[in-house]
Amino acid sequence: MIPLLRRDLMLATRAGGGFGLALVFFLIVIVLVPFGVGPETDILSRIAPGILWVAALLAALLSLDRIFALDHEDGTLTLIATAPVPLETVAVAKSLVHWITTGLPLTIAAPFLGVLLQLDPAGFAAVAGSLLLGTPALSVIGTFGAALTVGVRRGGLLLSLLVLPLYVPTLIFGAEVARRGVAELELTTPLLMLAGITAGAVALLPFATAAVLRMNLR
Amino acid sequence: MIPLLRRDLMLATRAGGGFGLALVFFLIVIVLVPFGVGPETDILSRIAPGILWVAALLAALLSLDRIFALDHEDGTLTLIATAPVPLETVAVAKSLVHWITTGLPLTIAAPFLGVLLQLDPAGFAAVAGSLLLGTPALSVIGTFGAALTVGVRRGGLLLSLLVLPLYVPTLIFGAEVARRGVAELELTTPLLMLAGITAGAVALLPFATAAVLRMNLR
Amino acid sequence: MLRVRDLAVARGGRTVLEGVSFDVNPGEALILRGANGIGKTTLLRTLAGLQDPVAGDITFPEDEGAYASHADAVKTALSVTENLTFWADIYGNPVPDMIWDAFDIADLRDRSAGTLSAGQKRRLGLARLGVIGRKVLFLDEPTVSLDGFSVRLFTNFIRTEHLAKGGVAVIATHIDLGLSAPTLELDTYAASDRPARSSSDEAFL
Amino acid sequence: MLRVRDLAVARGGRTVLEGVSFDVNPGEALILRGANGIGKTTLLRTLAGLQDPVAGDITFPEDEGAYASHADAVKTALSVTENLTFWADIYGNPVPDMIWDAFDIADLRDRSAGTLSAGQKRRLGLARLGVIGRKVLFLDEPTVSLDGFSVRLFTNFIRTEHLAKGGVAVIATHIDLGLSAPTLELDTYAASDRPARSSSDEAFL
Amino acid sequence: MPDLGKYAAEVLLAYGVSLFILIGIVVLSWRQSQRTKRDLDAAEAQCNG
Amino acid sequence: MWEYANPKRFMGWTAPVLPWAFGLSAVCLTIGLIWGFFFTPVDFRQGSTVKIIYLHVPSALMAINAWVMMLMASLIWLVRRHHVSALAAKAAAPVGVAMTLIALATGAIWGQPMWGTYWAWDPRLTSFLILFLFYLGYMALWAAIEDPDTAADLTSVLCIVGSVFAFLSRYAVNFWNQGLHQGASLSLDKEKNVADVFYQPLLFAIGGFVILFFALVLLRTRTEIRKRRIGALQRREG
């Protein structure tokens, strides 16, 4: 697991790696939205938590196809599959790297970019907290989707379609937590649901991912 | 030009091609936004034109890197560069295919997806019209950005960063036309500006694209 | 060490080879030959366990197989050393010092793999075999793009570092490697146009 | 037809070959040989006009050059026929009928190029040369992955369809093509450690 | 020290941030310059030696 | 005149100029900022926040001027292929980014007491955000291309095309936010700030920023030339 993690992080931080990609995409969405919907502060601040969540989700979605595709194309994945590393470990390592390169930086950046969207400072903690809790689920679910489409040439489209519905519950509860946090409402229920989704996904999906990888590499 | 167009369209419509990609991504954004910002009709319908434009722009942005990258990787681009076709023609053909596979379907789909965002039916024409007028500029500018980064391994990130600020004027005027159309306000000025940007970009940028390609293939 | 009995392999839903049987003892190699498209790649992938055989048995010590494909599995964004270290780490071995000279990549250690010439990249890809320490190698056209000198380097490596230490190798190639090893002509095993015997198609036949 | 004088070529900012001069007359071929990494690919790319020479002259009839690289430029999503038709259209020629037999791809016409074996794909890549109708060919290891039979097919094509019709070809290869043509050993032209003469570095030296 | 009134924090913060960035870019440029100068000297010594 | 742009000549004449430039800019900045900070009165409406102007306006000016300088250097490179001008453009970008950041940061900090928010989509602020993105893209492109000449070519074209679009953006942003009732209290109040008491130290501060900018660009260009020379030497070594 450690060598895989180290290599993937190395690749991600090299030029052309995925590290900045998610962050830049996040920034792009946040900057573009006011140009689209107009500069009115009240509207912007009202949609801010939702837009932050949607942008984070899109950023995660877009970086999914490089989870396995590059290793598949250059033949590395078949070699890893025949190496003495269980595919479950590979799945966990890949999810973890995806989270470190997308979920984590997005969580850290969200409050700062929230300023651009006139997010109420009272909501900073709720937005960041909900992202911190929710993004691991996005990474794990996304890794599963990436494993499903690994054999498909340029499967980006299919991948997005497959993963989108799987993302909906996380998005709903995550955005709900963020919005309630901003409005300073009671948020125990959505918070628990969000934590539950993340815990369940992290605990179980790597096995499904490994199974699917095995089928695809056969 | 014709063979290039035909081949690229053929590739785009095959499995894994880019044809559905932009449309699906557009759909995804539109579907996710209500989950994020909440289901209140008034808010949704107020941000609908802007979100449609932002989503269209993101969909265009994301399909940019396949404009040249695939041909570059498998060696086709160098062979095309030595073939009896001016690179300006290649630039135009690539832009056109990008528009046919993204701008055009998005324009057609926008009113339908607008329904999901509670877009006022009075604004259908304005939204579709502004997209029809503006998306060619997005394709041409994007092709220029793709040509700039063609030599960069996995330049997706760089490409987005370069193209984003270039997209701003188109987005502002496009979304302005759409919003004014929905609000049934006077929209001549932004409409003219949008048309001007598109006309200027279509007329001039292919030369810059070809020049940049030449520098990159040297 | 490697025992194959009555193997049939399929690609794209079609059985391409059938009735393939052979043994390879420790310290021996086997050269696979056959026209383009006969099924060498398919056979090697099956042997390496990357796809299931249509029929027949393959036996070799567990966790001892390794495969090298047409693709090099070289990460262009990493340096030569980083590429090799990754595989060494995955297999829990150190990178043996002899590898740098064995594949003549000592001068390239710190070069980014993306700047290598075709043959240099191939040498790096092959060097992986010396790092992972597996006994049963399945090699698909390992010498593509290599010049005569590098081919001899490779043959030498296989002979002295692998076979001499009790390993076995099955090598598909179109050229003469200069390795004294038995040759298996696959043309004689080409599956005739009989129905594919893929177990899942059978239900519909 | 092709005249090269005192050519120096660079890759990655470093001059790799210098002082290369040769002539190739119509109907003749020239074989380039040299160790991996000596600069064959770089030289061919320079000849084909894909990069600027550091020094020296290259002359051949305008719009007559064509290059074939390590990469096949085969679109895996298109069928074999579609791949060839594209190049024919780009060059404004029809696809000649002889091409199917010349490269033994008649049976593969309707196959998607993504399902071809390594050698079949290479044959398809080479078939492009018969479609574009260029007189001056620069070929970089054209026979990689090809079996003996296919190599002969290719040599035959070059001899009877290309050279016999007054074309010329410069071919980098590591194997014996069976083509009676002069050979240029590039090892003797390797740039010594003298200053790189890249025009833009000069300002800083 | 002048009386900055109720906006003291903002003014001081603005000056602090700006001076930080200014000094930062100067120091960065200077350090880079020294480093490349050293590297160049080394490279030239290697060339001649 | 062009001969001064030969790398060797450039290294020659900039060496003695450099300490003077840094010294002069330090003097101007010290005078301007100390005068402005300690010895100007407090504005009756903006309070002491008006003192931010001595950082805000000069940095905003230089952020734009740096881009203009890069544009000219790019044109010179494309037309006359003077290596120094390409490298000067490369050297100016990080300085421009620093200036943009100062303008954005001081503006944002100023915005909190004046407008009650750190950020508003005011046209000027928005244009600066876009300018910032242009700088980032420009620098990223330089960093991504390995061959120095190709990088110079591509960034030059980007700078030119980008300038056109930056102009368009400026106009677009003005248009976009115009009819959208940005409260009057939010508009930048010009009349108040051009009073002499504020004006004179401001001039010194601006002068200091201008000279500092040039000093930094010279220093950084020298660094880039040295880097390029190291690369050339290494390639010669093989």
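A, B, C, D, E and F label the chains in the order they appear, each numbered from 1.
Please note the rule applied: contacts are C-beta pairs under 8 Å (C-beta built on N, C-alpha and C of every residue); 3 or more make two chains touch, one makes a residue touch a chain.
All figures in this text were calculated on a predicted structure; none of them were measured in a lab.
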Copy pair chain C, chain D: interface residue numbering same or different (half cut): same
Reference chain A; chain at largest CA-centroid distance: D
Superposing rotation of chain A relative to chain B, computed on C-alpha atoms, to nearest 5°: 180
Busiest interface, counted in C-beta pairs: A-B
Where chain B and chain E are represented by their mean Cα positions, the distance between them in whole Å: 41
Distance between chain centroids, defined by C-alpha means - chain D, chain E (Å): 53
Rounded Å distance, chain C centre to chain D centre (Cα mean): 28
Distance from the mean Cα position of chain C to that of chain B, given in whole angstrom: 45
In chain F, residues with contacts to at least two other chains: 133, 144, 176, 229, 233, 236-237
Residues of chain C whose C-beta touches two or more other chains: 70, 77
Residues of chain E engaged with two or more neighbouring chains: none
Complex interface listing, chain A residues touching chain B: 15-18, 20-21, 24-25, 28-29, 31-33, 35-38, 43, 46-47, 49-51, 53-54, 57-58, 61-62, 66, 152-157, 160-161, 164, 167-168, 171-172, 175, 179
Interfacial residue positions of chain C with respect to chain D in the complex: 12, 34-37, 41, 70, 115-120, 122-123, 141, 144-151, 174-175
Of chain B, residues touching chain D in the complex: 2-4, 6-7, 10-11, 14-17, 73-76, 78-85, 217-218
Residue ranges of chain F touching chain A (in the complex, touch as defined): 117-122, 126, 129, 133, 143-144, 176-177, 180, 182
Chain C partner contacts - residues on chain B that touch it in the complex: 153
